[in-house]
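Presented below are the structures under discussion, each in the form of structure tokens.
Each of the two complexes below includes chain A, the first together with chain B, the second together with chain C.
Up next, the complex of A and B:
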């Protein structure tokens, strides 16, 4: 056992709460955690693995949500193909973004992705109002209709989301250990050297950005179906900010860290918002403190504790 | 005529924000996401002062001073420990400031819109070239011009400006010469925060004071500093006037495309000339 496995165990415990307490009220929250985790896992491929800070992922997330809603509600598509389309559209938009944004790096990349996603947000609210319902959004987004199971029951929907979550986690794990993941890590630690070795840096960055867009599109579609609603708020840059907070809080660049970050974020949202209406400010404070104090997030903290408890052991 | 006055006054307002942003970037290499929140805070503080004292000028003086103190605190407590990390962390910290500052404003002043009035001296309108122009707009143009002149004087002619320019170019060398660079950094961040709040206080009588006002203007300020060239304060003046005029013209001819156009301008600049349209090599402050 090492710190990695300990984290995997914590994640497993968190997401299996509905199995242990099927009568509890935790199912809704765990469902949200599963969906946001898919988003965060995909975001971390760009942020943690490739080292690119994007402030534009809300665009792919929101566009995925709108795609699923419009295809199922207006075009009569089935849920699964519509969910696939949400991923494809999210990925395609990310590919378009990347053609603009990857030409610059560092802080400029963050600003440019922010500007591009705000452009989408403004378009959805004004020019595309006929399609998106403007600020009102679209209510009544459906859930899947498969094998005669009633997915409108949160307990059943949990299993559907769990399957997708595990799939997303597996793919992300494979990408991390694949040659693509290794090359991206090389680019993160030294872009110039990676280019000199012969990697096509921009193409690799474009690929991972697109993959991350697919993750965001799928999770956006799933969230719309979970809450039966899609609105422009999902496209707003604060959604990009939320996923950045989640990943950084949990531990960027680790497989399980972002999931822990999502879990903490959602539990705080659930718990603090019943205690005080100012939970977002408290979240900001926690975010500032953890950015200064533990740049590697909860994952780094667990690693440290583990090393202290098990000195000499390989981590 | 009124379009020109609106454009110029908007440009001057944007310049107050952009000057702070670009100074902070030139000195600290930090893009301050929270600049819009400081601007909003400035407007609320000015509103509060006017309510308490009944005097517009008291608000105009007090708001920047309080915001500068908050800015100094932010730099000292949060940013200083992370200077030697990747610049991304500093950006993320300023993002955290937004959440905290916005929440603080929400707790203190609540959600409803606040309204501020221009001082009596500039309450009326003036006839210029056959059209009537609110005199408060003219005041903003004059005030902005005076502030920018003072800024240039400080940066180019005074000893402080020399230290700032030197420290943004080569902090290690300046430190070796016996100057407390950490203090200079705190000072610049605090000064930039004060400028943002000054902008907020000046903007108070123009727009309704509300929570979203910070974000609306920060995007425009980003556009200004990027078009002007990050860290380039001369570029910021030109870019601020350019964006101000574009907005004013846009509102009178194609209002639904204004946001669209400014974004296209920003994206185009970032892609084609990320160093800015008005940049000259080697110029930092």
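Up next, the complex of A and C:
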């Protein structure tokens, strides 16, 4: 046992709540947690592993949602190919973004990705209104129709989402320990040195940005099908902000941290929004306080506590 | 390697100029570096030594001139492309992956050299060849037993050695070393000089160094820079006697 495994255990417990309490009301929330986790896991490849702060991921998330909705509802595609297309389009858009944004770094990178994604947001509400339904969005987004299982039942849909979540987690885990993941960590650690030993820094950054765009596109498509709706809010910059908060709260650069961040964020959103209409502001306040108290997020806190309880043990 | 003719240059720069606004850090530098030679690059602070190195390795943009490596023009190429072409370097301010282990540092350099596209479908530990490369260089630079140490906690001298190791893994034909002895103690410096001698076997080295005794001793040829230009070049004895060098540089030191 180590801190990493403890976190894996906590994640396993959180996502298996519907298995333990099949009659409870938790299924809807856990489904949302699974979907946002796919988004956050992919986002952390860019943010936590490669060290690039993007404020434009809402674009890939939202475009994925629109892609799945339009392909299934207007073009008559099956759910799975449409979900694949959501990932492809999300990744392709991320690749396009990266060609503009990777020329600059740090704050300018964050601002450029933000500006580009807001451009998509505004276009979806105006020029592309015929396609996107404007501010009304598109209602009636379907869920998969597979093996004769009724996925409109949240309990059944849970297993579909769980399978995709596990797949997303495994792929991200593999990328992190692969040569690609190591190279990205090297770029984050020392870009000058990384380039000098022969890494094509910009190409590596573009590839991880694209991979995380695929994650965002898929998760956006899944969210649209979970809530049977897609609207421009999913493209809004605040969606990018949400995923940044989730990852920071959970612990950037860790495999399981972002998932815990998503869980806390979703639980607080659910609970606070029933208490007050100012819930988003309060959530922001809690976030600010928690980043002061635990700068490395929940993952960092767990690691710290673990080291205290198990002194001398291997972490 | 054997294909390189004795008198043919491995690295050549033609009338290169690097300017920052109105200030010309390097101006009108033309030089041919011969294969297998160790060049000592000296000159007072601000003479443009590091800028010249930056110009050769692609970190500084040329406002004029051209650079050739092995008769291939590399002007305008990015630093990583020049590394692939056979140009390695170390930096004046140590550039390592401080929070990673020494072994991980070297393995990164090995994978950067081995793979043009970085694999993402297998754990890095499964690629035995890059681990072997890293282990080999680990002993070459005299850091056996330090593989699991965090690079950032190495002594300054060992960090400098690690820097050279990182450069070696790209199997450079030309190695640019920017003050590898700066800030290291006397004992360590001796070890470092040995390392520089060793890595200069069979490759061209351009060494910036302020310790005149060391430079004069180990260099095959000395290049003296002043105010962005090459003032003089030649064998150590010739340089020592050159009156221009004495007034411009050596004289100030004594």
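The criterion applied here is as follows: the second predicted complex is superposed on the first by the 315 of 315 C-alpha atoms of A that agree within 3 Å, B and C clash if a C-alpha of one lies under 4 Å from a C-alpha of the other, contacts with A are read in each partner's own complex, and residues count from 1 in each chain.
By definition in this document, a residue touches a chain if its C-beta (ideal position, glycine included) is under 8 Å from a C-beta of that chain, and two chains touch if they have at least 3 such contacts.
On a predicted model such as this, the values are computed, not experimentally measured, just so you know.
Touch criterion met: A:181 reaches chain C, while chain B stays clear of it. With both structures placed on the common chain, the touch criterion links A:110 to chain B but leaves chain C unconnected.
In the superposed model, B is the one of chain B and chain C that contacts more residues of chain A.
When the shared chain is aligned, no partner comes close enough to touch A:273: not chain B, not chain C.
Using the contact criterion defined above for the overlaid structures, shared-chain residue A:16 touches neither chain B nor chain C, since it reaches no partner. In the superposed model, A:126 makes contact with chain B only, not with chain C. In the superposition on chain A, none of the residues of chain A is touched both by chain B in one structure and by chain C in the other.
For chain A in complex with chain B, the touching residues are 53, 100, 103-104, 106-108, 110-112, 115-116, 118-119, 122-123, 126-127, 241, 244, 248, 278, 280-285, 287-288, 291-292, 295. Residues 174-175, 177-183, 185-186, 189-190, 192-201, 204 of chain A touch chain C in their complex.
Partner chain A is touched in their complex by these residues of chain C: 57, 59, 78-80, 83-84, 88-89, 91, 95-100, 104, 107-109, 111-113, 115, 118-125, 127, 130, 166-167, 169-170. Chain B meets chain A in the complex at residues 31, 78, 81-82, 85, 87-89, 91-93, 95-100, 102-104, 106-107, 219, 222, 226, 256, 259-260, 263-264, 266-267, 270-271, 274.
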